[in-house]
Amino acid sequence: MADVIRTRGLTKTFRVPVKNEQKGFYRRLRHVLVNPSRPFTAVNDLTFHVAEGEILGFLGANGSGKSTTIKMLTGILTPTAGEIDVLGYVPHRQRREYTQHIGVVFGQKSLLWWNIPVIESFKLYRDIYDVSERDFQERLADFAALLEVTEFLHVPVRKLSLGMRMRAEIVASLLHRPRVIFLDEPTIGLDVISRLTLKRFLQRVNEEMGITLFLTTHNMFDVEDLCRRCVIMSRGSVIYDGGVLDLKASGSYKLIELEVLSIDNAPRFRRLLDRCQVLESGATTYKLQVAGTEAQWVIDELFKSCRFANLHIAPPTLEAIIHRIFEEDRAQEQRNVETVLQAAG
Amino acid sequence: MVRRLRVYLGVLLTRMKSAAHFRANVIAWVLYSPLQIAIIYLLWKIIYGTTREVGGLRFNEMILYYLVVHFLGRAMLPLQTVNYEVWSEINKGKLDIYLARPLGFGPFVFFRSLGAPTLEICLGVPFFLLFSVLLRLPIQTDPLVLAAFFLSGLLGAVVLFMIQFLIGSLTFWVEKIFGIRDLMVSLFMLFSGQLIPISALPPLVVRLSRLLPFESIFFVPAMIYRGALPHLDAAALMLQQAIWIAVLWAAAAAVWKRGVARYASQGG
Amino acid sequence: MWRRSCRLLARFALVSFHDMSVFRTDFVMSLLHNLVYQGIFLIFWKSVLAFTASRLGGWTFPELAVLTSFTLVSAAVAQWFVGLQQLSSKILDGDLDKYLCKPVSPLLALLGESVNALVSFQQLVSAGLLLTAVCLYYRVPLTLGGVAAGLAILALGCATILLIRGCVALSAFWLGDVSRISGLFEISGDFERYPINLFPGWLQGTLTWIVPVGLISTWPVLAFLGKGGPPWAWLAVGAALVLFWSLLFGEIWRRALRRYESFGG
């Protein structure tokens, strides 16, 4: 399958204004006039690719650079360095032609017009993307029925609930039959049922129309249900790029939740705890993470050292796995900082 | 009763203390007012080039009139949004808070809206005096006249408030009151004496303005400040203002009662 | 490209007719309000002229009435460019993004979405009614050339003022809060109602070259009425100002975009 999105060494550096903490009137004045700023690298040397027909999940915490990445891919921001190729175009340089072939949905910002009925927004989209009237009516009928937006086509957007609005936004982004759709946190703030409907629809869009989906999210369940591949970003760099199933498999440890009735052998219990990672601990409850190989030993020791009311052993959730990846990354960063400090001091 | 008054006064003072308001207010006086008054001055200089008096006022008296109206207008500007506040609270169903408590909504809004005007007056007086000196206008020093002026100004503010409140109350029946409100603003400009002293208007319009409460807001206080009115006439005008307040109050109370009943019956 | 831009603008204009905002009042009410509001100013002039022997420095009542009506026309034109004043706040709110990822000119779209075609139409109709009534009743002599020249000067004047407003609004990116400056502009708009050719020379110059209020009121009205000599001078002044301010605006817009880019919005 041909690559639809390809980036190499993609970098984006912003200039962040330095806070004015000057003492003295003239220093403050000079600060205001000069307006000093320092560079901030939001995306650092990003290299990845997306094949046609794929659904790629871009995971990361706030500030990890995923929004900046999607903005560069959609032509909103110009990269500072690196190569970027989507559908054979360089987004920020060929914006007019390029954007004809993509759809964009922002979860946190509405792309529809607030005070007017949904159908009027759709008509505006039709004119922006130069869709023929016949195609417009056809696609409107199809998608609207599929996503069940027909019932509120004539309601102004400001009166819609979030779930309804997101459905309308997705329909709007499909009217010109894009080859790729970029979704920035599309399920944020949605209730469980709306989220499910949306995801099911996106799946159908991908399967039946072969549209490539690129979505950013910090909801693991979105990734789990929808994506076969995912990229995890942290502080501007990629820390994981691979299949979702592989990611789940890499979590070769177990989660043990227990509620303790009485501790018969305290030192043994403590030794046990030392061998695990204690995720949570309450008065009588514990949540432990233990390597797959050690799990059997830990459970044996548990039986020998205490009596418990509840014991639950589970494979790690994707969330936990990803959480651990972030932890490891943060630890790595900490080690880097210490090395630098040691070298300097 | 006394305790309630104290609550109301507290609300007033809180509104006054906003620092941002203070700064914006001073800037407006320093930047905008000179320009507005200059435009008036230049225009009337041209008009008085061909005549000696307009509506019984000489050039100096006319400029003084406009300065007083400008000052009163600035002081009462915050009151002009009362209709929107009332509309907003009714529309958003926030009325429930007030209806469930022994706090009168009307008095509450009134005292709340007095905060900003009080600040405007405190800041405006020195600027008013400054402009009077710069434009070589006579400054009123008769304490009786000044007292009457401030009282008359206060009465005028209450009249304005009542009108605003009445329009806001229409929200109970009409969702979009802004058409009526805009119409009222136009009529207000003419009949309050803000555009031109009422004494200068054509006789038919003057007769019409007698039947309306608007002249109580700007024209009456401005005329009192001028100090050329015999005491009896001034007192009569202030009585007229008071009567208008009573009439509007009765109307507002009646409208409000009917409106709240309708509001409650529709579930808010 | 032009055809598509025009079609998009037309669509935005149509959308403003469908605007279901709660502050929209119905057509007749708005018409009535416009007429009453301008009527108030007509009463003002009637009152003043009663004391000055029906003339003010060469202006008769019907001519002052035409001047008053022209304020409606310039307001109607301004409704199409309301977006210019809101540009910087829209950009700061991130409204630019939604157009940058679409095949449209972001400037055109940002302006287009604020177009208030319905209000403009209402004001135009009101102005038309007023002008027709005044000109017919007082038998004001008009020529086609005069009318055309007057409207042309008005258009150039409106364009200039709106471009100035746009430049001031965009400069907020570097200067911070510019509401004071725009406030001053608003107030100088009061000059629109008065015949500035009666004011002292220095003021006339200021109101023509620096804050071109004269170009949307007195000068086009004089051309419209066929008074004050041939309109070439004013047309030239208007054209020069439009050229200057549009070049400046283009430059500021480009820089604003660059700044938006580098500071990440």
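In this document, chain identifiers A, B and C correspond to the written order of the chains, with residue numbering beginning at 1 in each.
The criterion applied here is as follows: contacts are C-beta pairs under 8 Å (C-beta built on N, C-alpha and C of every residue); 3 or more make two chains touch, one makes a residue touch a chain.
Just so you know, these numbers come straight off a predicted model, no measurement behind them.
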Graph class of chain-chain contacts, one of line, ring, star, complete, other: line
Chain whose averaged C-alpha position falls nearest the assembly-wide average: C
Between subunit A and subunit C, centroid-to-centroid distance (C-alpha), Å: 46
Distance between the centres, which are taken as Cα means, of subunit C and subunit B, whole angstrom: 30
Chain centre separation in whole Å, for subunit B relative to subunit A (CA means): 56
Two or more partner chains touched - positions in subunit B: none
Per-residue multi-chain contacts in subunit A, two or more chains: none
Residue ranges of subunit B in contact with subunit C within the complex: 27-28, 31-32, 35-36, 39, 42-43, 46-47, 49-51, 53-55, 175-176, 178-179, 182-183, 186-187, 189-190, 195-196, 200-202, 205
Parts of subunit C lying in touch with subunit B, wherever the complex brings them together: 22-26, 29-30, 32-33, 36-37, 40-41, 43-44, 46-48, 50-53, 55-57, 180, 183-184, 187-188, 190-191, 194, 198-200, 203
Residues of subunit A touching subunit C in the complex: 14-17, 37, 42, 68, 71, 74-78, 95-97, 99-100, 102, 104, 106, 109, 111, 113, 115-117, 120, 123-124, 127-130, 156, 182
Complex contact set, residues of subunit C against subunit A: 4, 7-8, 11-12, 15, 18-21, 94, 97-98, 100-104, 109, 113, 261-264
